[in-house]
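Just so it is clear, A, B and C label the chains in written order, and each chain counts residues from 1 on its own.
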Amino acid sequence: MIEVAALVAAPLFAGGLSLTVHRSALLHAINLMSMAILVTAEIMITRTMLKDGPFTALEQLVYLDALSTFILFIIGTVGLACSFYMRSYLDEQVARGVIAPTRLNLFFFLFHMFLLAMIVATIANSVGVQWVAIEATTLATTFLIAFWRRRESLEAGWKYLILCSVGISLALFGVVLLYYSSLHVLSDVGQALNVTQLLTVADRLNPHVLKLAFIFILVGYGTKVGLVPMHSWLPDAYTEAPAPVVAMLAGVLEVVSVYAILRMRVIVDHAVPFAFTGGLLALLGFASLVTAAFFILIQHNYKRLFAYSSIEHMGIAMIGFGVGGALGTFGGLFHLLNHAFAKSMAFFAAGNIHRRFHTVEIGQVQGVSTAQPWTAMALMISGLALSALPPFSSFASEVQVVTALASQGVPGMWFTSTEGMVTIALSDQFERLALTAVFLMSVALAFGGLIYRITGMVWGTPTEGVLRQETWSLGHLPVILLAGALVVFSVFLPPPIRQLLEQATTILVIQ
Amino acid sequence: MQILPYNGAQLVDLCSALLLLTCFAIVAQRRLSSCVDLFALQSAFLVVTAALVAYLTGNQHLYIAAALTAVIKVIIIPLVLKKVIDRLNVKRELVMYVNVPTGLLICGGLVMLAFFIAQPIIPFGFLLTRDSLAIALGIVLIGFFTMIARQKAVTQLVGFLVLENGLFLAATAATYGMPLIVELGVFFDVLIATLIAGIYTNRLQDAFDNVDTNRLTVLKE
Amino acid sequence: MLQAVILVVAQVMVLLAVSPFLVGLIRKVKARLQLRRGASVFQPYADLAKLFQKQPVISTTASWVFTATPYIVFASTLSAGLLVPTFISQTPMNFAGNIIALVYLLALGTFFLILAGLDAGSAFGGMGSSREAIVASLTEPAMILSIFAIALTNGSTSLSTIVQKTALLEGAVADPSPHLMALAALFIVALAETGRVPVDNPATHLELTMIHEAMVLEYSGRYLALLEWAAGLKLAVFLSLIANIFAPWGIATTPAPAAMMVGFLIYLVKIAVLAVVIGIIECMFAKLRLFRVTDLLGVAFILGLLGLLFFYILRS
C-alpha cells in the first residue's frame, strides 16, 4: 500500500525538510513536489477504491472507502490550488517585508503539518485517531492564523485556539462514550474504536449512549465546521489569516470536520432511528443558514462576508445531510465540493484585493475591474457560484438539497413532536412548505447581500494611488482551473467523481 | 493486603470525588499560581485514580497513561504555566465575570446537571467505576464554566486543562482507558496545546500589555 | 444509671481538661513553624487560673445580659460537648438530643455572645457582633447541610449511632464521596466557628480584622476566663466531631475499661493531629478579607450540598 503511506509521508517529509531550508524557491519546490505526490497517490487510491471497493491498510490503521476518498479528492485539489497561489502570494509578502524571509519556512512547516493532520483525520480507521488528528489541525493552524502577529490576528488566533480546543474536547467526550458503548459489544479492546469494527456491530450498540455521544461529537466537530451557535471564532479567524490559509480553512478543514460528523452519524444511525441525527443536523443547518444570511446582509468587511457565506453553505450542506435520502445526501456532498472550490477562489481573490487596496472595508474598495481585471473576474465568478446561480455546479447541488427538503421534509418533525411537550399540531405538508420557504428566503437574502457587495467592489473607479494593472502570475492558474471546474461540473461530472459521490451517498444513507 | 472489589469501587469513587473537590477549589481560587498548584494536585489525584483502576483491573496500558499524566500534567505543564505567570508578572485576578459564591453555586448546579445527563447511561458501566463517569462529566462542565467565567488567559487555560482532566477521568472510569495509540495522541495534543497557549499568552502580553481576554475586543461586527 | 452518671462526669472532665491543651498546642505549632520557641502547651491552663483570680471590671452601661453571657456560653458549649462522642461511641446525653440539638446549642452560645458584644456599648463590640452575625449566618447552612449528608448516609441523626456504625464499618463507608464532601465542608465550618485563621485571627487585636476578640474585648477576670475556656471547648467539640465521624477507628464501642483506656489514648492522638493541622493551616494561609470570607463559606455550603447530592444520586 505504497500510495497510502505516501499520503502520510509526503507532507511529513516536506514539513521536516522545510524547517531546514531557507530559500523561498526551494520551499515552494518542496511544497509543489509534495502536493504532486499527494495528488498522484490520491488518483491511485481512487482507482483502487473504485475497482476493488473499500479497503483497510497499514495494520487496520487506515480505512478508505468512497466517502474518505471523496474528501481526499477535495483536500488534494484545494491544496494544489493553494500551493500555486502561495507561489505568488508569499513572494510578494516577503518582498513587501510583511513576512520576514526567515519565518517563511515556519509557514511552510505549519502548512504541511496542517495538511498531514487533515489527511490523517480523513483516512484514519479509528475514531480516536481521527479525533487526535482534528485537534492537531487546530494546533497547526493557530499560528498560521496569527501569522501576521498583529493585535487583531493574535486575538483571532487566541479565540480560535480556545474555542476549537474546547469544542474538540467535547467531541472527545463523545468518542469516549462511543468507546464505552462499543466495549460492551466488541471484545477486542484495541479495535473497539475502528470504523470497520463499529460498523459490523453498530446495530447492537446501546442507543442511549450513542445518542449522547452523537450530541457531544456534533457540538465538538460542529465548532470546527463553524456551525451556529459555535461559529463566533470563524469570521475573526477568516479575516485575519493569510489568504492561502483561509482558503484551506474554508475549503478543506470545514469539509474534513463535516466528514468526521458524518462518520459518526453512520454508526449512530444503525442503532438509533435516522430521525434523531437527521433532525439535529437539520436544526444546526437551519440555524447556520438563517443567521449567516442575516450577517451577510449587514456586512461591510469583505473577508467577513465570505466567512459568513461559509457558515451559510455549511448550513445548506447540513440541511442536505439532515433531510437525508439519496437526493439530500448526494446534494450535501456535492455542495461540499462546490463550496470548497468556490470559496477558496473567493479567498484568493480577497487576498489579491487586500494586497492591492490594503483594506478589508468594502466601502473603500472600488473599481477592482480596472485595477485588477483577473482578480475582478475571479471575484465575480466566485460570488456568482457562491450565490448558486445557474451556470455553476453549486446551483445544481443547492437545487438537489432544496428539492429533497421540499419533498421529504426534515426528519424528526420538530413541530409535531409526539413524545415531547411541543404539540403544535401542524400538518407534515405545512412543515415542509414552511421550511422550504425559510430556506429559499435565506438563500435569496444571502444572494442579494453577496452580489450587491461584490458588484460594488468590482465596478467604479479605484481610489487614487492604487496601481491599475495586473500582470499574469502563477496565482491566477488555480483560479481559472477552479472556475472551469465549477462550470463543467454543473453539466458534466467526470465519471470517477460521480462514482465516488454515488458510492459515498450509499454509505451515508441507512434505511 | 488484598483489595476487595467492593472496597476498590469505594476507593475509585473517593479519588474521583477528590478530583471534583479540587475543581471547586480552583473555581474559588483567585490567585493564579494557586490555581496552577491546584491543577497539579488534581492531576496527581488523577494519576492515583488511573493507577488504582489499572491495579484493580489489571489493564497494563493504564499504568502508562498514569505515568504520562504524572510527567506531563503534574510536572511539565504546571512548570510551563508557572513560567508564563512569572513572565506576565500578574499575581491575582481581581475581577471575574461571576463572583465566587455565585460561581460555586453554578458549579454545584452543573454537577447536578452532569448526574442528570449521566443517569441513564450509568447502569451500563462497570461496577468498579460507576459513579466516576458522572463525576467526570461534572468536571468537564466545571472546566468549561471556568473558561467562560475567567478573564485571564492563564486561568482560561487552566479551565481547559481541568476539562481535559475530566475527559481523562471519563476515559479511565467508563472504559478503563482508551486504546493506547489514542491515549498517546491525546497526551501529545494536550501538551502541544498548552505550549502553544503559553506562547500565545506571551504574545498577547506584548501586543495588548495585558492578558485580560476581555481586552480582546478589536474584532467585532 | 450509675454508669451513665460516671460517663457524664468523665466526658465533662475530659473536655474541660483537653480544651486548653488544644489551644496551647496550636499556639506551640504556630510558634515552632515561625521559628519561635513559643510558650509551653500548658500555658493556657495557667492563663485560665490567673484570670479566675482577677477581679472582673464591668462597664456601667452593661445590663444583666453582659454578666449572664459567659455562663450561658460556657454551659451551652459544654452541653453541646456532651452530645459528641469522644473516647467512647455512646455519648452521655444521647437520650437528650442529637446532631441537630448540637448545632443549635452552639448557635445559642453564639447568639448570646453577639448580644453581649452589643450590650457593653463599646464600638468594637458592636463591630465584632455584626461580623460574627455574618459569619454565623453563613456557617449555619453549610454545617446543617454537611451534617444532613452524614446523617442520611448513616440513617440516623444520633451521633452515637453514626459513630458506632462507622466504627464497626457498617454502611457509612460504602459511599465515601458524600462523606468526603461533608468532611471538607465541616472542616471549613470548624475553622470559621472557632475563629481560626482564614476567617478570624485569634492572636491579634487589630480592629480591622478581629471578630471573636472584638466581642469579648470588654470582658475581664473570671468572665473572660469562662469565655476563653468556652472557646477552647468549642474547638474541642468540633475536633472531636470531625475526628470521630470521619475516622472513628479505635474508639471504644463498649463501656469496658480497657477499651475505654485505649479509646481515650487514640482520641487524644486524633485531636492532637487535627490541632497540628490547624496550626499548620494558620501558618500557611493569610487571613481573608472580611468580604472574602463569604467565598470560603460559599465553598463549604456547596460542598455540603454536593454531599447531599451525592448521597441521593448514588443511592438511587
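As a working rule, contacts are C-beta pairs under 8 Å (C-beta built on N, C-alpha and C of every residue); 3 or more make two chains touch, one makes a residue touch a chain.
This structure is a prediction, so every number in the text was calculated from the model and none was measured.
The fewest steps needed to get from subunit A to subunit C, moving only between touching chains, is 2. Using mean Cα coordinates as chain centres, the one most removed from subunit B is C. Taking the mean of each chain's C-alpha atoms as its centre, the chain lying closest to the overall protein C-alpha centroid is B.
Computed centre separation for the pair subunit A/subunit C is 63 angstrom, with centres defined by C-alpha atoms. Here the spacing of subunit A and subunit B, counted between their Cα centres, is 31 Å. Note: centroid distance subunit B to subunit C, computed from Cα atoms, is 34 Å.
Touching subunit A in their complex are the following residues of subunit B: 117, 120-121, 124-125, 133, 137, 140, 144, 147, 153, 156, 160, 163-164, 167, 170-171, 174-175, 178-182, 185-186, 188-189, 192-193, 196-197, 200, 203-204, 207-208, 213, 216, 218-219, 221. Within the complex formed with subunit B, the residues of subunit A that make contact are 126, 128-129, 131-133, 135-136, 138-139, 142-143, 146, 149-152, 154-159, 161-162, 165-166, 169-170, 172-173, 175-177, 179-181, 183-184, 189-190, 192-193, 206, 208-209, 212, 235-236, 239-240, 295, 298. Those residues of subunit B that touch subunit C in the shared complex are 10-11, 13-14, 16-18, 20-21, 24-25, 28, 99-101, 104-105, 107-108, 111-112, 115, 119, 131, 134-135. Contacts from subunit C toward subunit B in the complex involve residues 173-177, 180-181, 184, 294-296, 298-299, 301-303, 305-306, 309-310, 313-314.
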